[in-house]
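Sending over a structure as structure tokens; questions will come in a sec.
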Amino acid sequence: MDRRQRSALSRFREGGHAWWETAISDVRPGHIVIRGEPIERLIESASYAGVVGLLVGNLRLSGGQSRLLEAALVAGVDHGVRAPSIAAARMAATCGIPLNCAVATGINLLGDDHGGAGEQCMELLYETAAAAHDATSLSSVAEKIVAGRLGSDEKLPGFGHQLHKDHDPRRRPMLSLIDQAVAAGEIQGSFAGAALALEAALARAKGRPLGLNVDGVTAIVYCELGLPPAAAKGLFCLSRGVGIVAHALEEMQSGDRIKGPLPPGDDMVKYTGPAETSSR
Amino acid sequence: MDRRQRSALSRFREGGHAWWETAISDVRPGHIVIRGEPIERLIESASYAGVVGLLVGNLRLSGGQSRLLEAALVAGVDHGVRAPSIAAARMAATCGIPLNCAVATGINLLGDDHGGAGEQCMELLYETAAAAHDATSLSSVAEKIVAGRLGSDEKLPGFGHQLHKDHDPRRRPMLSLIDQAVAAGEIQGSFAGAALALEAALARAKGRPLGLNVDGVTAIVYCELGLPPAAAKGLFCLSRGVGIVAHALEEMQSGDRIKGPLPPGDDMVKYTGPAETSSR
Amino acid sequence: MDRRQRSALSRFREGGHAWWETAISDVRPGHIVIRGEPIERLIESASYAGVVGLLVGNLRLSGGQSRLLEAALVAGVDHGVRAPSIAAARMAATCGIPLNCAVATGINLLGDDHGGAGEQCMELLYETAAAAHDATSLSSVAEKIVAGRLGSDEKLPGFGHQLHKDHDPRRRPMLSLIDQAVAAGEIQGSFAGAALALEAALARAKGRPLGLNVDGVTAIVYCELGLPPAAAKGLFCLSRGVGIVAHALEEMQSGDRIKGPLPPGDDMVKYTGPAETSSR
Amino acid sequence: MDRRQRSALSRFREGGHAWWETAISDVRPGHIVIRGEPIERLIESASYAGVVGLLVGNLRLSGGQSRLLEAALVAGVDHGVRAPSIAAARMAATCGIPLNCAVATGINLLGDDHGGAGEQCMELLYETAAAAHDATSLSSVAEKIVAGRLGSDEKLPGFGHQLHKDHDPRRRPMLSLIDQAVAAGEIQGSFAGAALALEAALARAKGRPLGLNVDGVTAIVYCELGLPPAAAKGLFCLSRGVGIVAHALEEMQSGDRIKGPLPPGDDMVKYTGPAETSSR
């Protein structure tokens, strides 16, 4: 039976399971232990990114790996007030709800279309790397995959950007850090290779460059570190969450009440329904 | 007129303002600039905590200050599945919504009573430090403030913990790092002093220790760095957010569907309303 | 001790209480009983508004009373796409999250400043009616209350509307229905009287009419039916919720992806932070 | 190109569209017009369910049709505190956030697995009715569809209930009202027929009854009225929303702070991660 069909209750009734089970944390009087690590030690010596790796991915990252994950988290912190998530969080902050609820509003919008490209790109990179057995075949594998996607009118997640046509400014510094990490032996680099092969194949197929965007370069990092694709949306919450917190707080501190998407008096709102029926 | 009474539209009509104004980020084709810093530079050299300070608090933190903020973010990452925010996020993850929406569910619960003690403790520390003009008076100032709160049956936010009666395990390592930062000249230490004076006064008044908890020790850090109290709830979103992401993902990967707070068959749910009226 | 200071756990440990207690519903195999009423009977003979009164207020409303509550719910269903709640829900609907999550986004914004005037107006009406012992004194009581509020630069919740300067179109039909219900003996009319006395006193004090708005006329109904002020925000969720569902669904069906508050190319977004620092 | 691939900006740039377009409401000073109907008329003469049909489905329902839709909304109002949506809303209400935010928390959980069966059942009913050209073939069409689903280990959405094994108590009264509406010529009854044919085929295939549940009987109503499947989740928000509001308010009024899913001291929480590593 498909796991998705099994209710929590069914599994519980099979026996052997507590209702709430977790391998993440054990909390008792005077003790907070996270994946075996006492919280004292994490406070003293773990970085935020290292703790993200530990909790979210059950990974013990090296210093260099943590630094790479940190850069990926930094890369996505903000993309301005026009992003729906940021705008919604700012509007929420003017409606008389606590800051955390305004932040939750923004994070609620980081869904499959707004924050999902990272996950989809990770799946693409895992698929590409799995299909390429050796360096020689990588280019043709990438070509085949790109052709398949374009042939069915699909976009390649992680490539191209509506605003940053020429280049996503986050591409170059992230690829640089990835290169350094490969050189230092911190990561293998096979997913970076897959991503660059796809980028090249896509450019050839399109006849113009459609480079890796922020979702693409962070997906490389997440794959290199061994995170599952399903984690990507969660990591984006922690990354873009910084901008959401900052924007919601800025708006809250402005003291404005009830800010909608735009002021009245323009032609940006149009009613397309039936005219008012005559009164009785 | 009170600022809270002024609508966004009123301010806009006064002129001189764009509908959407922000000092946080400037995003144009090929450019993402955050408080004057190009995103490229942040990716290359800023830590996550440093970027949090920059975006949320408009602060240029030193390395040592960033490290202290990072430790504060790490301190609150998780407190187990019994916390309402974590439990709600896990239940959400079994209801067929994307991971980010489950995360938003958890963050929505970090309100005044669940995640608000940090903000209230910051206000308390700012008040205490402002009232104490010199080291000699600090102890008596703290005594007066504690007496005032206890006299009106108020709790002191940031002190005591329902579960960790003897000591909050996050207190000692955080105070240690704070001490080191004072010694290194990274922070002044006046808010640490205020907090310890309050802790001592509270112990004397109560006749038993009621030590600084995680909200208290992180509030010290936020005050030392010059953050506004209103930011505390936002920082907690980024801190506990790590645990929320990890727990929601773990639950989602379990494949369980529709997990409520507890299984049937116990005496933990009681109906206290009227008996069923007889059928017609 | 203040009730707000008592944790759920403290009460539980005092004994005599189940962890989850409710007087609302009793659900067992084959049985769903709501405040003593079997669900079968509610389906067969209760109106939506009647069920709202039963669940939310523990009220057994007459047909006429239910009709009045229904009109109040209808009055607030929508106020267009410029409202932050509606706009946020529509933006959410373009981000790749399920419809219910887009609806939750909108409802999250109906906070103290966006959806809280009803609750505040109910408190005002309860205060006014309690202070007025007889019809003769009502006018002077209202005058005193209005003067007190205006003297401390407070707005009167439930009066005036930024857009509908001359009259809120929902005022007249609601007052009409309220009059009819008083005439039919369904409600007493004392809160309607209080509201009209406040409206008259406010007009005298301001030298221009500042009539009852939708929050004011629905607050009258909720007070007449004996609902607590704290319920108002919940009722507004069910009322404006209709518009939120409709708008989110319309936007979702449009097929658009990632709609922000406004398109690029205008002067409605302004960056007010520092200029980009020179690169290294 | 797939519509899902088109960004809001791409459509806008094609021209001919305002950024915000809606056929739902037109709001100007002194005027609120909803799908051509002035709000005054709706307040005076429309029922809540009628307005739901108008806004959500662009339907002008007759009195009998509105009554049927109302019964469907009433049927789903509550299913007790063990439902994740209700429990999460109650926990949220103890965390110091406004009532509307607690309600939004609950609604956020009504996702594909918790509140999505209605939509899936509508698709099933539309598919079944479309495949059955006449009454003679309906039974064999249903049999084929049931066999197909069971053969691929899928559940039939809208049938069976984990708790109400013998019968969902909402089935009988809803089918009764549906029958009456068919008899009165308010609806055609073809989707009721399809649902009953599926129910019979499922019972034969399983060798035991697996009757229509609340999602199934409300799906019949929504199909009969011509609503799109995508609307079902929104309608459930307005239906279960009543219970969510009532439960959140009850919990808020209890005065409890920070209620988790269950009290400490039991065996319902289990840590399955690594043991604490020895301290340094």
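When the chains are written out, they are named A, B, C and D in that same order, and each has its own residue count from 1.
Keep this in mind: a contact is a pair of C-beta atoms (placed from the backbone, for glycine too) under 8 Å apart; a residue touches a chain by one contact, two chains touch by 3 or more.
Keep in mind that what you see is a predicted model, and the values were worked out from it rather than measured.
Engineer: Could you work out how far chain B has to rotate to sit on chain C, using CA atoms and steps of 5 degrees?
Structural biologist: Superposing chain B on chain C takes a rotation of 180 degrees, nearest 5.
Engineer: Using C-alpha centroids, which chain lies at the maximum separation from chain A?
Structural biologist: C
Engineer: Please compute the C-alpha centroid of chain A, do the same for chain D, then give the distance between them in whole Å.
Structural biologist: Here chain A and chain D have centroids separated by 30 Å.
Engineer: Where the CA atoms of chain C average out and where those of chain D average out, how many Å apart are those spots?
Structural biologist: Their C-alpha centroids are separated by 23 Å.
Engineer: Which residue numbers or ranges of chain D touch two or more of the other chains?
Structural biologist: 4-5, 7, 9, 19-26, 31, 38, 80-82, 87, 94, 96-98, 100-101, 104-105, 108-113, 115-116, 163, 257-264, 268-269
Engineer: Which label fits the chain touch graph of this model best, line, ring, star, complete or other?
Structural biologist: Complete.
Engineer: Okay, in this complex, where on chain A does chain B touch?
Structural biologist: Listed in rising order, the residues of chain A that touch chain B are 3-9, 11-12, 19-32, 34, 38-40, 42-44, 46-49, 51-52, 55-56, 70-71, 73-75, 77-82, 87, 90, 94, 98-101, 103-105, 107-112, 115-116, 163-167, 169-170, 172-174, 176-177, 228, 230-231, 233-238, 241-243, 245-250, 252-260, 262-264.
Engineer: Taking the touch rule as given, give the residues of chain B at its contact with chain D in the complex, in rising order.
Structural biologist: Counting only chain B, the residues touching chain D are 80-85, 87-88, 91-92, 94-97, 101, 104-105, 108-116, 163, 257-264, 268-269.
Engineer: Considering the complex alone, what residue numbers of chain D touch chain A?
Structural biologist: It is residues 1-2, 4-5, 7, 9, 17-26, 31, 33, 35-38, 41, 96-98, 100-101, 108, 113, 153-155, 162, 261-262, 267-277, 279-280 of chain D that touch chain A.
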